[in-house]
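One structure is given below, encoded as structure tokens.
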Amino acid sequence: MLQENLTVVSQRQLTADVFELTLQGKMATTDPVAGQFVDVKIPDSSHLLRRPFGIAQVDAAKSQLRLLYRTVGQGTAALSQVTAGTRLDTIGPLGHGFPTDFLQAGQHALIIGGGTGIPPLYALSRQLVAQGVEVTHAIGFGRQQQIFYEQEFRELGAVHYATDDGSYGFHGHIGLLLDAQFADAEFDAVYACGPRGLLMAVNNRYREHPHAYVSLESRMACGVGECYACVVPAQADPTKMYKVCDDGPVFATGEVAI
Amino acid sequence: MLQENLTVVSQRQLTADVFELTLQGKMATTDPVAGQFVDVKIPDSSHLLRRPFGIAQVDAAKSQLRLLYRTVGQGTAALSQVTAGTRLDTIGPLGHGFPTDFLQAGQHALIIGGGTGIPPLYALSRQLVAQGVEVTHAIGFGRQQQIFYEQEFRELGAVHYATDDGSYGFHGHIGLLLDAQFADAEFDAVYACGPRGLLMAVNNRYREHPHAYVSLESRMACGVGECYACVVPAQADPTKMYKVCDDGPVFATGEVAI
Amino acid sequence: MNRLAVTLPGLKLKNPIMPASGCFGFGQHYAEFYDLNRLGAIIVKAATLKPRIGNPTPRVAETTSGMLNAIGLQNPGVTAIMTEKLPWLAEHYPDLPVIANVAGSTESDYVEVCRQISTAVNVHAIELNISCPNVAHGGLEFGTDPQSAYALTKACKAVSQVPVYVKLSPNVTDIRVIARAVEAAGADGFTLINTLVGMQIDLKTRQPLLGNRTGGLSGPAIKPVAVRLINQVHQISQLPIIGMGGVMTAEDTLELMMAGASAVAVGTANFDNPQACPDIINALPSVMDHYHIADLPSLINEMAVTAV
Amino acid sequence: MNRLAVTLPGLKLKNPIMPASGCFGFGQHYAEFYDLNRLGAIIVKAATLKPRIGNPTPRVAETTSGMLNAIGLQNPGVTAIMTEKLPWLAEHYPDLPVIANVAGSTESDYVEVCRQISTAVNVHAIELNISCPNVAHGGLEFGTDPQSAYALTKACKAVSQVPVYVKLSPNVTDIRVIARAVEAAGADGFTLINTLVGMQIDLKTRQPLLGNRTGGLSGPAIKPVAVRLINQVHQISQLPIIGMGGVMTAEDTLELMMAGASAVAVGTANFDNPQACPDIINALPSVMDHYHIADLPSLINEMAVTAV
């Protein structure tokens, strides 16, 4: 866990509200596990809480890491204004990422993502492909214009899109896509990140799967496990609390109440 | 009185803590009176109060105006970081400047300044010279390294410097310089801007002078005359309050209690 | 239909935005920036019976995302206000509803100012300032003690020709106690919040920076306190609330209305941006669209139902 | 001589800086950023008699230059704290003074936790949290009523092996009344301020964003309120004060000390910058030079004299 001023290498707008930010620093050489995240200080002094973002890509050779984020509020709006050369105070890598050690080359993983849940899944997919694992992606968006990183995912394995309005791929939300196309497919591992509805669907569908994982979001303050802001109760015991920032953000299905 | 996003043309560091900021916009074509000021929004959202600065120079042909300021706190420190192209939300020109209409070509004015009180005096001196008035400057600084705009003032008329530590010009504060060198000189007009001690000295010395003026500073909120933050009592009647932003910042000697 | 129009006792407003008392004077200089007819109303600077010269300077200090002020109710007194300030507004902006902010040291001061000022043609309502933290007898005693608040409100109500809104202080253990007293005394509405008491120390002198030592904290820094107190009062009373405290944007305006306000006053934001009020008014329709708010009366009704 | 060293009842501190309760847990994860021995002391997260699961999420919200929290005193209970958390600190940082923050719903809860936790080897003082705004019975009743504050303090003092500091709430009409009661009950010092009650509304749902509806406002937004209340308590009592509220920098630290604090706790700033405490400690000497402060005890003495 480091605190470092990362240098903005480039910022690129991908859709109406999604940006790709490439950052450089020592943090990118520590080889984070896919699913870990960074916590970025917004460069405006009236914002005190850092913003968590999944690490979408690491290039340790260049000491670069990449974030993909959607502008949803003031913090991400300010972030979208920063230009190359700016230094961003960042802590990371944080949390526990997706377990992948158990997978063998030639095995098959299903990656399920929605909207801005896909950044850590891209890192994961690259890591799995590097391990020789076959990867299938099921990715949901509201509508076609919101899709980003299509080419990048297609280069790693099969990609099935679902859009709420049917403008691209399967018409309907991702749960329906899973029902329609993956009902009896068997995967050695299942990974998901995305909106709460998606995570609930995956959590229910793959509750008994021995290697199914969901990555959660939660409002954070410290980001490092000391303030108890980001908790989520255990599914089996609502009096036991997990910290998303520290025990998560990745949990096995059935572990926490989503 | 305008509110306008002025564009930063250039920023130049003059001394360890004094900067020259050149701004462009319509405001610079309205030909402010020397002694008027602008109120600049600091480009960081945690700073709500604008910062007042005297207008040091106007080039109406280029629609440019120039500020000279010292970094004393967080706001001016932030300002010193802005680079060409930045837009600065500015209101102005504000307040009442130095009266000069009564002066005829060939008459003689004394300009007394100290530290960062000199910016509006530079605008004044240029205006007077353009009117054909002869100008003598008496300018105080702490020490030689703090002096800025020496060449600029020398081009307009005689300049007498006083430094507190004697490192340049007269050794001692400006009041002593006035005693030593201007005790029986007669001027058709006297103008002063600078620290409180300087203004008090000038206010006392030239109380009976028919055309002696001092420019004051005061903490402001609105900057336009509606909040009563910046008041100063009348010298003759402490229950009568003048507003520095609106009735001033320039007052005749003897008018207000400094 | 005008989506922004709201109606409160004495006030038919074309939009819910008005400058807050003390942050806009009587508007003359702001009229150089824009047409004051754009405003829903204007709450003018406090009037006291006698002229007041206010506190020693410095009277303001900047704080992080806020400011402290200790102006000390400087004003020319009710007579000058009625012969100079209000007539200027009446002449130039005859259709602009004025809310007169009334302050004083004693109950009889308040009563006399209310009696007089409520007769001005353009004064549509009174804001009884029982919460000024910046003068020794500036009404804060009335604002922190339910008995005094009750008596003062009742007395002022009795002599006022227009509805009386009582301005509540946030500097209390339980604002509901004061709100209930004021409501029982016949107030027509509430305005809140006034400033929180604060202090800044000048590290160079090691002394309080403000001439008055303490001042009132305002601006976005205090908005969460305002939202909470507005909501708390809204939960126990049906009286309309003019909300204020840290409003800078159309979003902030809607947040205060969702907390329970029926109209919103803008104070400190005027210093940050002299065109804050018209900017907010301009932005409201599209921000309302974004949050699926058809019009403000329906939002107010919805919040009135959910509060119960 | 160490210019930064300060001494308070039970606490010989090499510098005046300590993390505030709830903003640093028990320090384990912050220890990955820096050596906790750099700190003057550490105020650990609230301990209650039984484990507490805390409030529903969301538990935090950002506000302008501040934040709201409604964690709701989640903690594993005093037994787990004494068998796991405090021993970890004692093992890794045997010289780091710990101040144990104690909370509860009933007087007997508080007393029992004080009795137990004050026996831990590394607990040098207790901070009695009678001002948590975020749980229904989190002590705020004790913190707003002088009689209850008196009784509670006296009872806790009677069983505690270490000095007891009482943490005061800013959510009161007159903090001096509570401070006097607590002092009369035998408290060894004060800590202040706890958070101001605030609320944020989610414009999308039109409902309070926090699971608990309201939360405690902290951060630089509230610093002026902290400075004022510290100063107000300092003026009426000789007891030492550990000040807190919005401290981000060495300058802020000195401002709170000039207001009357003898040491300073840093809360929200840890979230903004995990190295906030060591950064402040590093900056203090040069900032003290700038303001001609030879050492902190002389500053504290100077302020004690001028307060009278």
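Each chain gets a letter, A, B, C and D, in the order it is written, and its residues are counted from 1.
Methods note: a residue touches a chain if its C-beta (ideal position, glycine included) is under 8 Å from a C-beta of that chain, and two chains touch if they have at least 3 such contacts.
In this text the structure is predicted, and so the values were computed from the model without any measurement.
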Statement: Ordered by label, the neighbours common to subunit B and subunit D are A, C
Task: Quick one: how many steps at least from subunit A to subunit B, stepping chain to touching chain?
output: 1
Query: By mean C-alpha coordinates, which chain is most distant from subunit D?
result: B
Task: With chain centres taken as the means of their Cα atoms, state the distance from subunit B to subunit C in Å.
output: 36
Query: Roughly how many whole angstrom separate the Cα centroids of subunit A and subunit C?
result: 46
- request: Pull out every residue in subunit D that's touching 2 or more other chains.
  value: 64-66, 220
- prompt: So which stretches of subunit B touch two or more other chains?
  reply: 45-46
Partner subunit A, residues of subunit D touching it in the complex: 22-30, 32-33, 45, 51, 53-54, 57-62, 64-67, 69, 71, 74, 219-220, 268-275
- prompt: In their complex, what parts of subunit B are in touch with subunit A?
  reply: 44-46
Field: Residue ranges of subunit A touching subunit D (in the complex, touch as defined)
entry: 1, 3, 41, 45-50, 75, 89, 91, 218-233, 238-239, 241, 246
- request: Give every residue of subunit D touching subunit C within the complex, in rising order.
  value: 63-66, 68, 144, 171-173, 196-201, 203-204, 206, 208, 214-215, 217, 220-225, 227-228, 231, 246, 251, 254-255, 258-259, 291, 302-303, 306
